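Before anything else, here is the set of structures, which you'll find just below.
Across the two complexes that follow, subunit A remains constant while its partner is subunit B and subsequently subunit C.
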Partner chain A sequence: MKQLKRIATYVFLSIAALVSIFPFLWMLVSMTNKSVDVTKGRLLPGTHLLENLKVLFGQVDIMNAMINSTIIAVITTFLTLLIASLAGYGFEIYRSPGKDRVFSILLISMMIPFAAIMIPLYRLFGQISGTAPFLGIDTLAAALLPTVVTAFFIFFFRQNTKMFAKELVEAGRMDGLSEIGIFFRIYVPTMKTTFAAAAIIAFMNSWNNYLWPLVVLQSPDKLTIPLLISNLGSGYTPDYGVIMTAIVFATLPTAAVFFFMQKHFVAGMMGSVKG
Partner chain B sequence: MKKQWFLVLTVLSILFLAACSGEGSESSGDNDSSSGDKASGDETTSITAWAWDVNFNIAALNIAKEHYEGDLELDIIENAQEDIVQKLNTGLSSGTMKGMPNIVLIEDQRAQSFLQAYPDAFFPIDDYFNTDDFAAYKLESTSFDGKQYGLPFDTGVTGLFFRTDYLEEAGYTTDDLTNITWEKYIEIGKDVKEKTGKDFISLDPNDLGLLRVMMQTAGAWYVENDGTTVNLVDNEPLKKALQNYKAIMEADMVKANSDWSQFLAAFNSGDVATVPVGNWIAASVEAEESQSGKWAVAPTPRLDIEGAEQASNQGGSSWYVLNVDGKEKAAEFLGETFGSSTPFYEDLVTEVGAIGTYKPASSSEVYATPNEFFGGQAIVKDFSEWMADVPPVNMGLNTYAIEDIIAAEVQNYLKGKALEDVLADAQAQAESQLK
Partner chain C sequence: MSQLTKVTNVENPLNKKTFAQRFKKNYMGWLFIVLAVVGISLFYFYPMIQALLLSFQSGMGTNLEYVGLENYMRLFNDPTFISALTNTLIYLLVQVPVMIVLALLFSVLLNDSTLKFKGFFRVAIFLPCVTSLVAYAVIFKYLFGVDGLINELLLNLHLVSEPLNWLSDPFLAKLTIIMAITWRWTGYNMIFYLSALQNVDKQMYEAARIDGASAIQQFFFITVPMLKPIILFTSIVSTIGTLQLFDEVMNITSGGPANATLSISMYIYNLSFEYTPDFGYAATVSYVIVILVVILSIIQFRVAGDRK
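Showing the complex of A and B:
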């Protein structure tokens, strides 16, 4: 009886696993097929992989887009972690009269959809372009700056800081560390898992970000990966084999970041729920 | 007490922000254009163009560049069509022309909404080409307020693509499919399905493109010729089209699809016998090389209404010049290539397979080249002849909005609601929504 139950569990799990893995598998298989075979739904690996790669690296220049996306994602992740963790730490550790009000206004800002602030933002960057062209429209800086600090990450860090033992701050002060020193030497090392979880989310958000880079980036040499894939699919006769190959390349970095930090990620998310 | 102060402060700051933005939009509009002038003023020979599809529109731009004799640096930027719409809307409504291109490709069905919403953002190009050289139906959607803004590009003239082998198996020849009505089309479809087991057409139930194709054969649209008056209740062509649509859906000859790739697969894998859509599908049909010689194209079936033509249109787009620095150069470039050059259109059709709407080109010998995939039929010549017959319609601003309403009502119609009620309800909804 017990064994039967076990078998049933495994059968169920296998089916569930297959269902969730299937799109990924299909993507890998389609990478090796011709466009016509992809639309027909062919499930066997084909022989077209080299041709697809050739188009992707020769005609489309995916390398350039990968580099742009990497630059944007890495800088965004770094700045997000730095600023949001400082803010979250400050909100939780220091006492100040209007603190909670400021924080609730911050949370309200989470409810404003990006589409609503996009046009003013574009206007803003359009005006900056005149005086500071390195920050203006059609620069990588413009693509990443509005996404660097979000209320979500400040909230995320504040919630996690609740778990942080405040006695450590006191101890640091007694031992003569400056406030900044306490943050970097005591807080950051103890909150490693929180930083890892935030890093994964920030990296993924930035890597997949579509709307704002689309609007603000203009020249072809500044394309990011999601924009490149969108262009590939825009033709009257899209080459689905090449698109699938591009998607594989688009998925690899986020998958790598996730697997690399998986352990911390799970711990970090648990922390934020418990806190 | 404290709380109230806080509220007052918030309200004040919101008002302050709102006031700032209102003021700014007028004064800085001028600033922006002047700074734009400065930025690109010293390099007038360099212009930027936005378009989608590397193998079609962008390839066409590249050929145009080769044919242009003046000094010009053309920077072509590829963006998906929806992305261009998004970028234009954001850029134009933000009031800053910063980052906007000189030339942009816009789908004909969307053109009017851009021209009406941002009339100052576009540059009229009447003086740069002769509008009489272009298919009449195309001028209707590319002009606004008596001025020509768009340079007509590709035609979406439709044809009835069909599998000659399946039709033969059921006992039909090409002549049997030529110059027929949609009623006859359905009749043949049922017969072919019975005799060969193959479906006759592939349709996406959420896409009413076929309805528009049928309607336009009789020169009708969802709106009257002013482009704004919703015209559904007394729209005889629409009624007929809906009846045909229902008959097709009920005749067990439809292979349903739910997206573009499934639609392509339906005929690439040989599951359907006919594809009545725009000529741009030819490249996708030809992609399945094993079916070479098994296809032909007949004129679009017409609605059974007096005066209906054997021609209709689906899609197509045109080039627009934005009102930024370099506009004269951009208009001149378009005028000398897309606007007046037969050799350009000859190269366009041989190298890209794109058929323009420039009428003088259709008498070119290149257009008469037989196409082996289509059994030696000179499909380009056929398409460009049908193109001249496409009845012009004013699509107005709200094609997609009205179609969403109709799409919901069509489901009720298929379930048995009376046609008069369907149209009356759709009319009422559309009128209240589009007020």
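Showing the complex of A and C:
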């Protein structure tokens, strides 16, 4: 009986694992196939990889989208980490009833659905376009700005700051460091793992963001990777082999981060819960 | 670091602070959080108020005028809105419980220390989380196409006699969306449960076993109550996520066939950017999501018994 149960467990988990992995394998296989073979669901690797790559880097110009996505993701990650860590540190180290109240108000923003603020944001950036075109609609700045400050990361840093030895702050003060100096010289180096976990999640969120860039970016040279894939799929004569190759390129960075930094990755995913 | 901690842990002789020092400390604290407060206010609270004001206005594009509650009345007579709302609630009521049960099941099975290949199973089931929503949505669209792999598999196994119209049948299209979301997010939830399970005292299970509790009884009387706070957390997060569902619907079915898979977020997008723009009415629809998020979160807190 026990033996049977064990076997059932393995069978069940193996099926679950296969279902989870299969789309990835199929994506890699389809990258080497012609459009017709992809629609037919061919499971064997083909010989069309070079042609797919040629189209992807030639006609489709995925390079441009990769550059846009990278610029947006890198700047977003940097600003998110900077603003959220300063705030999380501020809320925890300089704790006061007033700040705690502000903190709980900020947390409410986690409940605000993006669809509800999308239209006012679009109008806001529309108004900005008139006076500051470099920040307005159809700029990379507009695509990243509203995503930079999120209550989630502020919460994340505050939770992690609880584990930071507060005595270090006093020690820094005794050494004559300024308050900001303590933050950059002591807090940031001590909390490297927290920053790493946050960076991974911020980068992924930005790299994969779809709805807001879809709304705010319009010209073809401003497309990000998700927009490009979405556009390729909804074209009149989609080339499925090329699309699958594009998907591989879209997934590579996040998959690589996952495999090389699994611990930080999971820590970031779990984020706020611990503590 | 631990050495430093020990040394400075001694009672600080300079503990008494003057008023000026305290003021400086307080003022510095506000400096640290000012950017975050400004950012959240500008990109969340201000648009939220704007959306509320917009929801009482109507008109095309930028020619808007106040119409009172007209938009809210319009909701009740708008068949597209009704189907978007119904679809979203169906996704919610079917997908979230199925996913949470699956995730719990995986985590309990994988928490067994005698199980082999645990690491592999964990990574495999978690792997879908690394894909972007658009990317996996497109893959699912092709897998579930009329002559896609899923149909071919079903035909070869003689489970169906002719290919199923996964994406053009109203019921099957909803099912496809639900399966897709479940594929993407089950592993994510599993990770939360797995880490919570490590904090559950093993002796409790031992005691239960001695008392003759079956595995199923142990699951319902130990695991579920112990994981209640984290189940509550994940169900709220999933609820908010599902209410905002957009990327998958947009890229798998575009809301079709005949709005059978349309989600509220997608309807808002269509109202604003696909049809003749009616920002006022779109804002009204968006407030429905806000109201749903609030109501459902309250219900979930009540059901879970307010335990933090």
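To be clear about the criterion, the second predicted complex is superposed on the first by the 237 of 275 C-alpha atoms of A that agree within 3 Å, B and C clash if a C-alpha of one lies under 4 Å from a C-alpha of the other, contacts with A are read in each partner's own complex, and residues count from 1 in each chain.
Just so we're on the same page, a residue touches a chain if its C-beta (ideal position, glycine included) is under 8 Å from a C-beta of that chain, and two chains touch if they have at least 3 such contacts.
Model, not experiment: these values are computed from the prediction.
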| item | value |
| --- | --- |
| Combined model on subunit A where subunit B meets subunit C, clash or fit | clash |
| Touching partner for A:T39 - first (subunit B), second (subunit C), both, neither | both |
| First, second, both or neither for A:R101, with subunit B first and subunit C second | first |
| Subunit B versus subunit C as contact partner of A:F184, first or second or both or neither | neither |
| First, second, both or neither for A:S230, with subunit B first and subunit C second | both |
| First (subunit B), second (subunit C), both or neither touched by A:S129 | first |
| Partner chain in contact with A:M118 - subunit B first, subunit C second, else both or neither | both |
| First, second, both or neither for A:V215, with subunit B first and subunit C second | both |
| Superposition-derived comparison: subunit B or subunit C, residues of subunit A touched | C |
| Partner chain(s) touched by A:Y240 [first = subunit B, second = subunit C, both, neither] | both |
| Partner chain(s) touched by A:D138 [first = subunit B, second = subunit C, both, neither] | first |
| Against subunit B, colliding segment of subunit C, chosen among 129-137, 237-245 or 273-281 | 273-281 |
| Common interface residues of subunit A - those touching subunit B in one complex and subunit C in the other | 38-41, 118-120, 122-123, 211, 214-215, 230, 233-234, 240 |
| In the complex, subunit A residues that touch subunit C | 9, 12-13, 16-17, 19-21, 23-24, 26-27, 38-41, 43, 83-84, 86-87, 89-91, 93-96, 99, 102, 106, 109, 111-124, 145-146, 148-151, 154, 165, 167-168, 170-171, 179, 183, 190, 204, 207-208, 210-211, 214-215, 225-226, 229-230, 233-234, 240, 243-244, 247, 250-251, 254-255, 257-258, 262, 266, 269-270, 273-274 |
| Residues of subunit A that touch subunit B when the two form their complex | 35-36, 38-41, 59, 101, 118-120, 122-123, 126-127, 129-130, 136-138, 211, 214-216, 218-220, 227, 230-231, 233-238, 240 |
| Parts of subunit C lying in touch with subunit A, wherever the complex brings them together | 1, 4-5, 8-9, 12, 25-26, 28-33, 35-37, 39-40, 43-48, 50-51, 54, 106, 109-110, 112, 115, 120-121, 123-136, 138-143, 145, 147-149, 152, 183, 187-188, 191-192, 195, 230, 233, 240, 243-244, 246-247, 250-251, 254, 264-265, 268-269, 272-273, 279, 282-283, 286-287, 289-290, 293-294, 297 |
| Interfacial residue positions of subunit B with respect to subunit A in the complex | 6, 21, 28, 32, 35, 48, 52-56, 75, 77-81, 83, 86-87, 90-91, 93-96, 98-99, 101, 260-262, 264-265, 268-269, 280-281, 283-284, 287-288 |
